[in-house]
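One chain, subunit A, appears in both complexes that follow, with subunit B as partner in the first and subunit C in the second.
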Partner chain A sequence: MKCRRCGEVAVIDLPRHNAAFCKPCFLEYFARQVQQAISKFRMFARHHRVMVAVSGGKDSLALWHWLASHGQPTVGLYIDLGIAEYSRVSRERCEAFAQRMGLQLEVVDVRQETGFSTPALAARVRRTTCSVCGLVKRYFTNRTARRLQVAAVATGHNLDDEASTLLGNVLHWQMGYLARQHPVLPAADGLVRRVKPLFTLTERETLAYCLLQGIDFLEEECPHARGATSILYKELLNRLELISPGTKHQFLLGFLRRARPSFSQAEPPPELGACRECGEPSTAEVCAYCRMLSGARRADDAFATKENKGGIT
Partner chain B sequence: MKCRRCGEVAVIDLPRHNAAFCKPCFLEYFARQVQQAISKFRMFARHHRVMVAVSGGKDSLALWHWLASHGQPTVGLYIDLGIAEYSRVSRERCEAFAQRMGLQLEVVDVRQETGFSTPALAARVRRTTCSVCGLVKRYFTNRTARRLQVAAVATGHNLDDEASTLLGNVLHWQMGYLARQHPVLPAADGLVRRVKPLFTLTERETLAYCLLQGIDFLEEECPHARGATSILYKELLNRLELISPGTKHQFLLGFLRRARPSFSQAEPPPELGACRECGEPSTAEVCAYCRMLSGARRADDAFATKENKGGIT
Partner chain C sequence: MQVRLRGGRQEVIQVRGPLTVRQLAKQLDLDLESHLFVREGRVLTPDVRLGDDDQIEVYRAISGGTRR
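Now for the complex of A and B:
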């Protein structure tokens, strides 16, 4: 297998581009994809400081590595969800990466902030850990981004993530989500701008970037993600991609170009005010995070009261 | 396994309805689904004569059987595509069914009409047999329906067909098809009304109907359909259905209720005139069928001329 650009021995084949690349040419391909996404969708300017939300996995560390080594001013944000061993190891990877690269990393510890780990919060409010995790991450990401006054928050969502989210939104015709799914969510009423510079690159390509750049990322998925429908959607899309390379890209880009405008017109974005309790943006008087947290605290108090009365059965 | 309605021994389970039924209760369930589709979508009235497009397969014969045995005035239409053994056997099944039930069957023979079998037409105009077959069937169905002055053409499309078509339309964001995909296509400018009374019933349910009613249908798929993407889409949807029963139904019905209105607004239906050659409805001066047929004849003439000159290499 030879590199399509220079004829050297290739290290990766990309059927969807009918191409194979050697290491330098793959890194150039990768750079072009990221640069095009940033400039075409006007994600941020070269002098803007960007906060990169990192999990310790391949996508977010590839993104941070690429931005930092291309001169973009960045700060990392790691949210410690308190998911036992998984959080301990992923935090370690992020801290080691930041130290090796000489980059600033902010850490928010959910246990310190709320008094509970994410699974404990979920158990108290009787929701799935994944749904509480999403809420907590959105909340602390925005709050930290405002505090640090960054121009945008960048996340490592790749083409597989975006295509599988789109498939889920389409299978259930989630009209509001379809109206808003986009590589750029503009800033609005206290919400910091959010961007996804890797959205045209596949999982396999961000993995190759990490391997070629010697980035020490965490391979394990979060234990709570096992059996998630998003994983099934990715499998189904991979089967389609195998038979018809380019399917994921066409599905996502066709949506952005042709279908999304009709959805956005039909579903205007909700109006946001400031939460009465914490001041963060919210569609309700008290934001979902504050309601969830006070729910968890009430559940804990009820438990303690019952215990004091010897009433637990 | 017991029938949910009467407690007798069940013959089929329907996970998506969290139910199992004995033979009489399944037939009642089936009837309710068809009746609801017909009345809710105002497909046709009880006194209307309906043309049922039959292929000899389970879906179209189940539909014709159900309509005829519920007192609907019907006429069958079989289009003999000239696909060797497959067409011979499927025609036989339709003729035998019509005779047994004492129903009128119209037969259109593509070879008699055009001078070519469908695969021969496809080879001459360098298109796939499936695309020419679709064109030929739409053309002769409409022409025959106009000649017989029926109120509507009913086809046996089931939930699996409709959901897999929808998945294909969504994966490629075919905006025009998405705007028009519906269990009823109203009559317009020479196009006869088209309806799909089985669109809420699965393949497995129309199969059960045929088995329970002793309908002798053709089990083989058309040999040209092998490896078709529609079959892959059905497989993928079946995997989703297995994990989350009701997925196909929600996907299709959610589309009709929530998403389709936005598409229809963005994509108004094309204007139709009458074909200069044959008078059938067309968006162009000469319809796609007449253009295809004259293309096939030109290819044949060119072949004959070359042969006469001894110029074939």
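Now for the complex of A and C:
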């Protein structure tokens, strides 16, 4: 295949754009998509300092690499969830990337902050590790962003992430989530602005960016994600995409343009106050994170008491 | 040719050439929207012909699952 722009040998075909690109033209296409997302949705200005939430995976490192290479002031945030070998390797990848690029990386260690790893927290409060992981990441991301006084938090969510989330929210008629799904979640009462500059690029395109730029990313998946429904939704959407290129883009962009405003009107955002215990934004008197942590500590105390009693008798 | 499936599966498979990337993907039941094929560090388009001596790496694009 030949590059549509310059006629050189292509390295990637993009059926949804009826195009194929060589390396330089693909990188230009990638840049245009990110720049358009940032400017069209007014994500942040060129001089703003942006915190990039990184996991060591292809999407977040592609985003950080692109922003840093294009002169955006950035700081990375890695949250060590304490998920055994997976966390050790993903942390290593983020630290190595930051060092090689000469970038600042903040690390929050969940075990140091709470006394528990994320799976241990989940076991104590009888929730799935993914649900606790989401809560912990939202909490520490916002807290760190406030401390560092950044203009926005950028995440590596891509078109496949957003389209599969939308499919899941539609299938379960999650009205609140449908009202709030957007590439920009504005700042509000202690919540730092959150943006998704890669939301028009597919996973295949962010993978190609990493391979072409020589970014050493983590290929292994989190062990808790195996068999996840969201992966099934992505596979189903990709089957549709193969038959009808552009389906994922039309599904997501059509929703944002035509359907989301109605959901937002019907479901206004909940009012936020400050958590009585930690001061972070919360819809309740005590935030979900503090409630979960005190629940985990109670469960631990109850277990220790039982053990002590067992030791005496 | 030797085909290495990277990521979770980490399998190495021997496949007879010559065939195109598109034919190889079909033979391995891998869809082209979810995978990228690489030879000697170069990303390949579906029409590229592969020979018996080639060493191919297959990257899976889908990631980031969450259990509800």
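In this text, the second predicted complex is superposed on the first by the 310 of 313 C-alpha atoms of A that agree within 3 Å, B and C clash if a C-alpha of one lies under 4 Å from a C-alpha of the other, contacts with A are read in each partner's own complex, and residues count from 1 in each chain.
Just so it is clear, a residue touches a chain if its C-beta (ideal position, glycine included) is under 8 Å from a C-beta of that chain, and two chains touch if they have at least 3 such contacts.
Quick caveat, the model's predicted, so the values are computed rather than measured.
Once the two complexes are overlaid on the shared chain, A:266 sits against subunit B while remaining clear of subunit C.
When the two structures are aligned on the shared chain, A:162 is found in touch with neither subunit B nor subunit C.
Shared-chain residue A:236: touches subunit B; no touch with subunit C.
Once chain A of one complex is fitted onto chain A of the other, the partner contacts of A:1 are limited to subunit C, with no touch recorded for subunit B.
Contact with neither subunit B nor subunit C is seen for A:280 once the two complexes are overlaid on the shared chain. Shared-chain residue A:59: touches subunit C; no touch with subunit B. One of subunit B and subunit C touches more residues of subunit A, and that partner is C. When the two complexes are overlaid on their common chain A, residue A:204 makes contact with subunit C while staying clear of subunit B. In the superposition on chain A, A:225 contacts subunit C only, with no contact to subunit B.
Contacts of A:173 after superposition on the shared chain: subunit B is touched, whereas subunit C is not.
Contacts of subunit A with subunit B, set against its contacts with subunit C after fitting on chain A, overlap at residues 229, 239. Listed in rising order, the residues of subunit A touching subunit C in the complex are 1, 10-13, 20, 57-59, 128-131, 134, 160-161, 168, 202-204, 206-208, 211-212, 219-222, 224-231, 234-235, 238-239, 241-242.
Against subunit A, in their complex, subunit B makes its touches with residues 170-173, 175, 178, 229, 232, 236, 239-240, 243-244, 247, 250-251, 254-255, 257-259, 261-263, 265-266.
Across the complex, subunit A is touched by residues 6-8, 31-36, 38, 42-47, 59-68 of subunit C.
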